[in-house]
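After the structure tokens below, expect a handful of questions from me.
As written, the chains take the letters A, B, C and D, and residue 1 is the first residue of each chain.
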Amino acid sequence: MSTKRDFKIGMVGYKFMGKAHSHAYKDVGMFFDLDVNVYMHTICGRNEQAVKQAAEQFGWEQVKTNWKEMVEQPELDLIDINAPSDMHKEIAIGAIEAGKHVLCEKPLAMTLKDAKEMLAAAEKAGVKHGICFNYRFLPAVQLAKQLIDEGRLGEIYHYRAQYLQDWLVDPNAPLTWRLRKEIAGSGAHGDLNSHCIDLARFLIGEFDEVIGQSQTFVKERPLIDQPDQKGAVTVDDSTSFLARFKNGAIGTFEATRYGTGWKNGNCFEINGSKGSIRFNLERLNELQVYFTDDDEHVQGFRTINVTEPVHPYAGHWWPAGHIIGYEHGFVHLIYELINSIVHDRPFAPSFYDGVKCQQVLEAVDRSIAERTWVKVDEVE
Amino acid sequence: MSTKRDFKIGMVGYKFMGKAHSHAYKDVGMFFDLDVNVYMHTICGRNEQAVKQAAEQFGWEQVKTNWKEMVEQPELDLIDINAPSDMHKEIAIGAIEAGKHVLCEKPLAMTLKDAKEMLAAAEKAGVKHGICFNYRFLPAVQLAKQLIDEGRLGEIYHYRAQYLQDWLVDPNAPLTWRLRKEIAGSGAHGDLNSHCIDLARFLIGEFDEVIGQSQTFVKERPLIDQPDQKGAVTVDDSTSFLARFKNGAIGTFEATRYGTGWKNGNCFEINGSKGSIRFNLERLNELQVYFTDDDEHVQGFRTINVTEPVHPYAGHWWPAGHIIGYEHGFVHLIYELINSIVHDRPFAPSFYDGVKCQQVLEAVDRSIAERTWVKVDEVE
Amino acid sequence: MSTKRDFKIGMVGYKFMGKAHSHAYKDVGMFFDLDVNVYMHTICGRNEQAVKQAAEQFGWEQVKTNWKEMVEQPELDLIDINAPSDMHKEIAIGAIEAGKHVLCEKPLAMTLKDAKEMLAAAEKAGVKHGICFNYRFLPAVQLAKQLIDEGRLGEIYHYRAQYLQDWLVDPNAPLTWRLRKEIAGSGAHGDLNSHCIDLARFLIGEFDEVIGQSQTFVKERPLIDQPDQKGAVTVDDSTSFLARFKNGAIGTFEATRYGTGWKNGNCFEINGSKGSIRFNLERLNELQVYFTDDDEHVQGFRTINVTEPVHPYAGHWWPAGHIIGYEHGFVHLIYELINSIVHDRPFAPSFYDGVKCQQVLEAVDRSIAERTWVKVDEVE
Amino acid sequence: MSTKRDFKIGMVGYKFMGKAHSHAYKDVGMFFDLDVNVYMHTICGRNEQAVKQAAEQFGWEQVKTNWKEMVEQPELDLIDINAPSDMHKEIAIGAIEAGKHVLCEKPLAMTLKDAKEMLAAAEKAGVKHGICFNYRFLPAVQLAKQLIDEGRLGEIYHYRAQYLQDWLVDPNAPLTWRLRKEIAGSGAHGDLNSHCIDLARFLIGEFDEVIGQSQTFVKERPLIDQPDQKGAVTVDDSTSFLARFKNGAIGTFEATRYGTGWKNGNCFEINGSKGSIRFNLERLNELQVYFTDDDEHVQGFRTINVTEPVHPYAGHWWPAGHIIGYEHGFVHLIYELINSIVHDRPFAPSFYDGVKCQQVLEAVDRSIAERTWVKVDEVE
């Protein structure tokens, strides 16, 4: 019944991220006022049966098993890439060369070099390009950004990030593809620290130098197909690093899949000369803040329920105190990306942010190999 | 593309609840495996322009301005009533008499007598009937119920409920329809205590007797159309009551719109001979539990992140630790209701639960008027 | 080595409260600058061996087994009464008539009538009289009082008090004297609600009317001396009540010894037109506050660590963040009481506060018996 | 009145730590059953007037201004050294050579070399020697140790320590002695990380290698005597480091005086294959634990109120839920130390622990200077 023009999506991938992205395309128009009608046109995957099932479940109009065919469809406005990481580069460049705007899941690519090529291609083609650092778009994170930009934290001294999960604590958990370097590229570092790095860049700026350590606690795990045999875990279970930022702040970062009791603990804390901010993804509707200019006898960390109309995005959902969930961040991201395309405005996080994140990840890897500090800008 | 038969919904109402219900119909099939394809067929409201706008925004196929026409449509399977409360009875009975299954928002009716008539009609017609006590369907609340049923709390001693909001603290907030008895029926009592009462019945059983108090703190508020004039607030700002349950437990209940700092604090705590449970809707993904059979030196309230596959409904959404929001409770309710219709199984909360809740609400009202305890079963 | 004059204490009682008071006398001079030297002169109790042991352990100079002898000692400045409650009246009046200043543990007496007699005696004699409502003297409670007096909460709407303990949850816990009405006078009501009532009066003012309920969950318990036999529990396990205050605020109060998981949860929350306050004795170094005049996007409950030099009493102890414990409240009370005696200044809480508290307790008891609201001022 | 023999203390120092230690000597006998009577015999300091004032306030019998005279007094059993750090070595060795048992505040010495000399002297003399790592003696920390020793955490993967304070956030705070290297030796590193290092060693064992970073955010501060002029801050404001432990665990450590909003946030978290533990000194009566062998649907971090009789030391104080404060840790330490002397049993933390802590601190310093990992055992 819509009188708006259709904005047609083609998406490669249909698993966890495919579901989260599909949900965002399905719901965005119900909660956000776009000038276009988001149309779930084509979903693409190599396994025809699986992708058909996904299309029915998620509500996509059409199925493809060859991404090249998909990106050639002239009616598509945006190509969304959440296929396995080792496919990102090829598909993204293919889509870009077909003149499409692109959204790519993180990590942008398997290497910094590949990521840079993707960025160059997108910039040359003049298309909009986004990377799916979804946590930037949570109301609490947006509020944190706003407070920092307002100067409410003063000069930034400390950035403290921890991304703690515990799904590998059981030594008998099987050797999934996520634990094999040739497929996953990296373990906790690429999967979790990438989010922490992007949030740090978003909130307080660029990294200067880093030094890290990695550990694989359980070296061998049961094979999925032959549980009585074991294979080697070839990625990190945990990677932590120290950082210096260009603005003089110092940071500590830690990612692990052995943080027993933590399910999705993407936490950060920022201490500045005028205030502090704390965030924990497991309570993503809350932001804790402290201000040194509060009256002296009533200073304390406030727990803000970031669901009021005055808070970023919150007014689009429910009345105050009616909290939102993990997937809502994707809705906000999709809303902003489509708006930026429709109105030809800049979008961030873009491939540039994907490149910068990759650079920090690789700098940490190099620092581990070389056992010394590495300047981020010197990693190429 | 679905091969399942369509299950067609007709809905009356399109505001806050209309949006929440629409979202549930839109998303349920993406996350839950139903044997039917949920089809958003007709939305109905008296203001044609507004309902058309809602239909476009929410994704309904067809618009009606007369609910009688809608309930006569033979293809509809379920009539969802979230129109203003004073319309519930008429529409529900109309739909029932047309042979439709019905879902009705709370309160079921304006009076206990009306509610009983609705229940009688539904039972006579043999249709499925549900009332939208959505909070029953949160994973944490379902887990609480499971633990009580497992006997993990032992004999129940205390039920402590508070539903605290603060949107009326500003004395200059206007005199909306919610503050006028002739339209809203009741204030904090009917709006908030109704949820507390239903949860208490769901979790620990029936009420025996009650005594309450009400207060209207700000007696007059600015008229919406003439803000320089004031009109009388004719509902309660806050109602609290003491209760005795049939199982020997005792309870305290409090609802207020003056709970400064609380946005949607629907909290309960249950103390039993073997354990305790605490819940706060502002952190609806968490349940706190305490067990006396834990080792003596490590007893303490646990904060369970109710997002693991082992938790009710949680496995349908995202991996552990990826929290869900307020609206997900509606999705679960809709899922259960449609399943109960498709498979002809009982559904609760039904109109019976609406009647029982209304009975407790009226018992409290009477206890306030008479300044003494009132037996709930004696209220008719 | 002190050059100050000695201020000599005589104390009746040597158990839990005797220990807490002794500690306060021992430590007060080390942390607070008094114009006198606190001298632990005489401790008195009926069991000579036990009181001698206490004297050695706690550091009292001299032992008496007859309180009458003790109060006649001319050198004593203050008589501290923490003997069993049924002895309070006789000893207090004896001490007063001997011209001594008196400090009495709560409850002041077994009945309102007795309490009034004690107050009359003290006022007639012109001595200083204090009742040991120690929780008034915690830094967080003092800060709460200060904020209310500063107007930071605006008009008070709600007072919500819960005193939750769980030491009776085990049905095989023995029938101690605390569970026998003839000795203890009352159960959770007198023991716990008395603290809640005093704090409410201290913080927001006088009660107008009340209605309550009581429950004894476990009616019989093993006798201490013959554990194979049982005796009747004759006090309340839990008492809750609704209240109206003279300033228009409404309240809910609940005390229980069946609050499974709570050890000493003396909690209150106050909601006003400009802010809210929350306190929990299990985290007595913290006060939570909310202000509606904070910037709209950063409103939230603050958790104040009440240990800064700017906070009441805190500067006398350790640097900020070095928390204090339960017993420190007694030190502050003793400090204030001795100061009031030495400088002839008023002291509160006095016997007057003991009387007012007793009046509310009895009003609740009467409301339970009569199943209707009782005006506090009409209880005599 | 005591029939026990006197155990006589001589103490050098009378400021913050002198007060905390004095309090412990004063109170220990009231709450703990020792075979001796603790006697506060001599307090020593260079400023006669100040030390006399301290003697009166804290309750010491005798005053000395020359520590050599004091340690020669034959009646003294224990010498307690909380003089400035640069005096520790000389006094400790003097006391040891006089045959005294010694307790020394942290840091044991200004250098690892000095610390080793002190240890050698004490071992040679066969006296008892203790270092005042008071936080080991908190009930929650003792419980953590007990749980680890019981195997409740399984294999240890992660140790995460943060000691956050904020008293230097104000750039106009003056240049106290703590900010001058020649006097304080170190900044946040020596002051705060020393506690974190000792707790880590106590709880999970020895360090293998480390790499760190330091920062001085505010390079110059107002001189105390000439506030219009500034002097250089010559210690670290913050030091963080990564660590590997000999048992395979990895660690992150951070100490800062710029942790805005934190007053005394000595926090640690330990993740193991079977459970986790969290502690925060600002809530020192609580320990959070998580166990993977809890029933799957009720796993969560428990908050244990470590005040039950079953908890370490807790039964000596007040009933359950009546919390204790910062200073109680010193009482426990003093109790254990005196017991170890009286009964000739080993005591820890001893000078050995002081040496090992110093070694880690210096390894971190060296890693910062050399920008690479340093093996702790290779630091001499």
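A few comments on the model shown:
Assume contacts are C-beta pairs under 8 Å (C-beta built on N, C-alpha and C of every residue); 3 or more make two chains touch, one makes a residue touch a chain.
Protein names from UniProt, one per chain: A, B, C, D = Predicted dehydrogenase.
These numbers were taken from a predicted model, which means no experiment stands behind them.
Between the interfaces A-C and B-C, more contacting C-beta pairs are found at B-C.
At the far end from chain A (Predicted dehydrogenase), in terms of centres built from Cα atoms, lies C. We define each chain's centre as the mean of its Cα atoms; on that basis chain A (Predicted dehydrogenase) and chain C (Predicted dehydrogenase) are separated by 54 Å. Our note on geometry: chain B (Predicted dehydrogenase) versus chain C (Predicted dehydrogenase), Cα centroid distance of 42 Å, whole angstroms. Looking at chain A (Predicted dehydrogenase), residues 299-301, 305, 308 sit in touch with two or more other chains. With chains as nodes and touching pairs as edges, the resulting graph is complete, every pair of chains being joined.
On chain A (Predicted dehydrogenase), the positions that touch chain D (Predicted dehydrogenase) within their shared complex are 155, 157-158, 160, 162, 164, 166, 169-171, 211-213, 215, 217, 238, 240-242, 244, 248, 250, 252, 254, 256, 258-261, 271-276, 290, 292, 299-301, 371-373. Considering their complex, residues 143, 146-147, 152, 287-289, 291, 294, 296-305, 308, 310-311 of chain D (Predicted dehydrogenase) touch chain B (Predicted dehydrogenase).
Residue ranges of chain A (Predicted dehydrogenase) in contact with chain B (Predicted dehydrogenase), taken from their complex: 1-3, 16, 19-20, 22-23, 26-27, 29-30, 52, 55-59, 61, 165, 167, 262-265, 281-285, 305, 307-308, 317-328.
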